[in-house]
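Each of the two complexes below includes chain A, the first together with chain B, the second together with chain C.
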Partner chain A sequence: MAVWKGLTTNVLSRETAIYENSFPVEGGTYENAGHVSSQIKALLKRMKISKEVVRRAALVTYESEINICSYARSGKILLRVTPEHVTIEAIDEGQGIVDIELAMQEGYSTATDKIREMGFGAGMGWDFVTSRIFPISFVSPRRSAKAPISRWLLVSIKILMAFSLI
Partner chain B sequence: MTLREIKELLDAEVLVGHDQLDKEIKTAFGADLMSDVLAFAKAGSLLLTGLTNPQVIRTSDVLDIAAIIMVRGKRPSPETLRLAEEFLIPVLTTKYILFETAGKLYAKGIVGCMERVDDERAFS
Partner chain C sequence: MHLDDIVRALDLRVVSGEERLAAEVRGGYVGDLLSDVMANSKEGDLWITRQIHQNIIAVASLKDHAGIILIQGCQPAADTLDKARKEGVPIMVTDMPGFEVIGRVYNMIAGKKGPDPSA
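Up next, the complex of A and B:
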């Protein structure tokens, strides 16, 4: 249900959207973490989309949202529903990833104590997204290891995930 | 088992969801790490945890968790309880530790929502 090799952004963009919206996510705080996922879940439920797709879509939105709240300065979640697919795109403006291969490894994490206190940052997110949800695309410009972390860089992580409705 | 029977078994206090105690529970998942809950917990399961922040409720809502048992006598913040009420997710608190809570439930026939994490690597 979650993915297909072969499904591309081109195919998806040719489909006519019956719903499309962008939800801003505030970075660096957990105050509203999960708010967008709840909103998207309620929206999809109202569209009478199958329970299982709603659950999975909410799950990937939540993973992405927590990621933005944990690591980015700001971000947004784009939801697009066509008669064939639900697509979720998470885009953030944050510090980027220095070593993508390392970041994809289960257990590797750069989480702060605050993030771990909330029950996250175990280094499972990217592994989960890439090995179990299979994003259609995952883009993160490589950040130089020498770039100061203290200064936010305008580097974006962009993930696109889709669920089939047929 | 119903949530009411679980409440009696664990000598638990109901904090949210007094009207949902007839809910039937068959499986459970226990963890203090929400990343693990997200990766492994299944819809309709009971969540046993010692974590009490609002993300526990958000995570449970996303996964369609049936109810939350806070172990080791943990009491959530008003903000956490407010969210639980908003999402209609029952929250109970028990003085038993996680191991004892899980053992008591298991002895009564509640099983894990999965046995091993390599049971199903595919996202299903």
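Up next, the complex of A and C:
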């Protein structure tokens, strides 16, 4: 079930979807965190998708969800299932990342004390996604360190991940 | 090893998921960092933590853990308990410190699996 090598968004978009849905995620609160991951896990299980794909898909959805809850104003998770792939795309409306390379390093985090007290923000999430899941694309407009924190970007992080079913 | 064997041996107080105490415990995981638990724990693990907020239920449920032990007299928050009951996730609480809980659970699971062949 290797993730992909050389897989592109063009290849993926040419595949016919057998299931497609968008799940909204509320930012700034952990009240419903994990709700979308649970829904996606249950859906994929019902589609009889392999256990390993379900496990990984639930994990990356959860990390993306927590990221939206922690840092964004709002966001959504798009799930697309074709006979060949399960793709998960997380898009959020947030403040963007000042230094993407730094943000990808294990242990680096800009989390507040409140986020850390909850057991999040240890700087493991993106590192996990990029080092073990290898996203197809990770897009985030670089935010100037001087930009006001109240400036929200319509697409601050857009990450596309796919799992092969064949 | 079943969850109710551990509940009895450690005299744990079961506060939710009573109906799932027959679940098989395949291993254990210890941690308060949710990202770490999400990334590294396994299905059937018994998770030992002192986090009490409702997100522990999402993690335990997503990872198909056998249950959660809250150590050192920690009590689940009210919304955590509601969610755990709704999703049928067993939460067990104990006054024992983490070190002792972990040691005893480890011995029970390791003992059941037989002696370490590498020893």
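Definition applied: the second predicted complex is superposed on the first by the 159 of 166 C-alpha atoms of A that agree within 3 Å, B and C clash if a C-alpha of one lies under 4 Å from a C-alpha of the other, contacts with A are read in each partner's own complex, and residues count from 1 in each chain.
In this text, a residue touches a chain if its C-beta (ideal position, glycine included) is under 8 Å from a C-beta of that chain, and two chains touch if they have at least 3 such contacts.
In this text the structure is predicted, and so the values were computed from the model without any measurement.
Trainee: Chain B versus chain C on the shared chain A, clash or fit?
Mentor: They clash: once the shared chain is superposed, the two partners overlap in space.
Trainee: Where does A:Ala90 make contact in the superposed view: on chain B (first), on chain C (second), on both, or on neither?
Mentor: Neither chain B nor chain C is touched by A:Ala90.
Trainee: Of the two partners chain B and chain C, which one touches more residues belonging to chain A?
Mentor: With both complexes superposed on chain A, more residues of chain A are touched by B.
Trainee: Going by the contact rule set out at the top, does A:Lys41 touch chain B (first), chain C (second), both, or neither?
Mentor: Both chain B and chain C are touched by A:Lys41.
Trainee: Mind working out whether A:Val25 is in touch with chain B, chain C, both or neither, as first, second, both or neither?
Mentor: neither
Trainee: In the superposed arrangement, which partner chain does A:Tyr62 touch: chain B (first), chain C (second), both, or neither?
Mentor: After superposition on chain A, A:Tyr62 lies in contact with both partners, chain B and chain C.
Trainee: In the overlaid three-chain picture, which partner chain does A:Phe120 touch, first (chain B) or second (chain C), both, or neither?
Mentor: In the superposed model, A:Phe120 contacts both chain B and chain C.
Trainee: So which bits of chain A does chain B touch that chain C touches too?
Mentor: Shared contact residues on chain A: 30, 33-34, 37-38, 41, 55, 58-59, 62-63, 66, 118-120, 122, 124-125, 128, 132.
Trainee: Which residues of chain A touch chain B in their complex?
Mentor: Its residues touching chain B are 2, 30, 33-34, 37-38, 41, 51, 55-56, 58-59, 61-63, 66, 117-125, 128, 131-134.
Trainee: Touching chain C in the complex: which residues of chain A?
Mentor: 30-31, 33-35, 37-38, 41, 55, 58-59, 62-63, 66, 118-120, 122, 124-125, 128, 132
Trainee: What part of chain B is in contact with chain A in the complex they form?
Mentor: By the definition above, chain B touches chain A via 32-39, 43, 51, 53-56, 58-59, 61-64, 87, 121-123.
Trainee: Where on chain C is chain A touching in the complex?
Mentor: 32-39, 43, 51, 53-55, 57-59, 61-62
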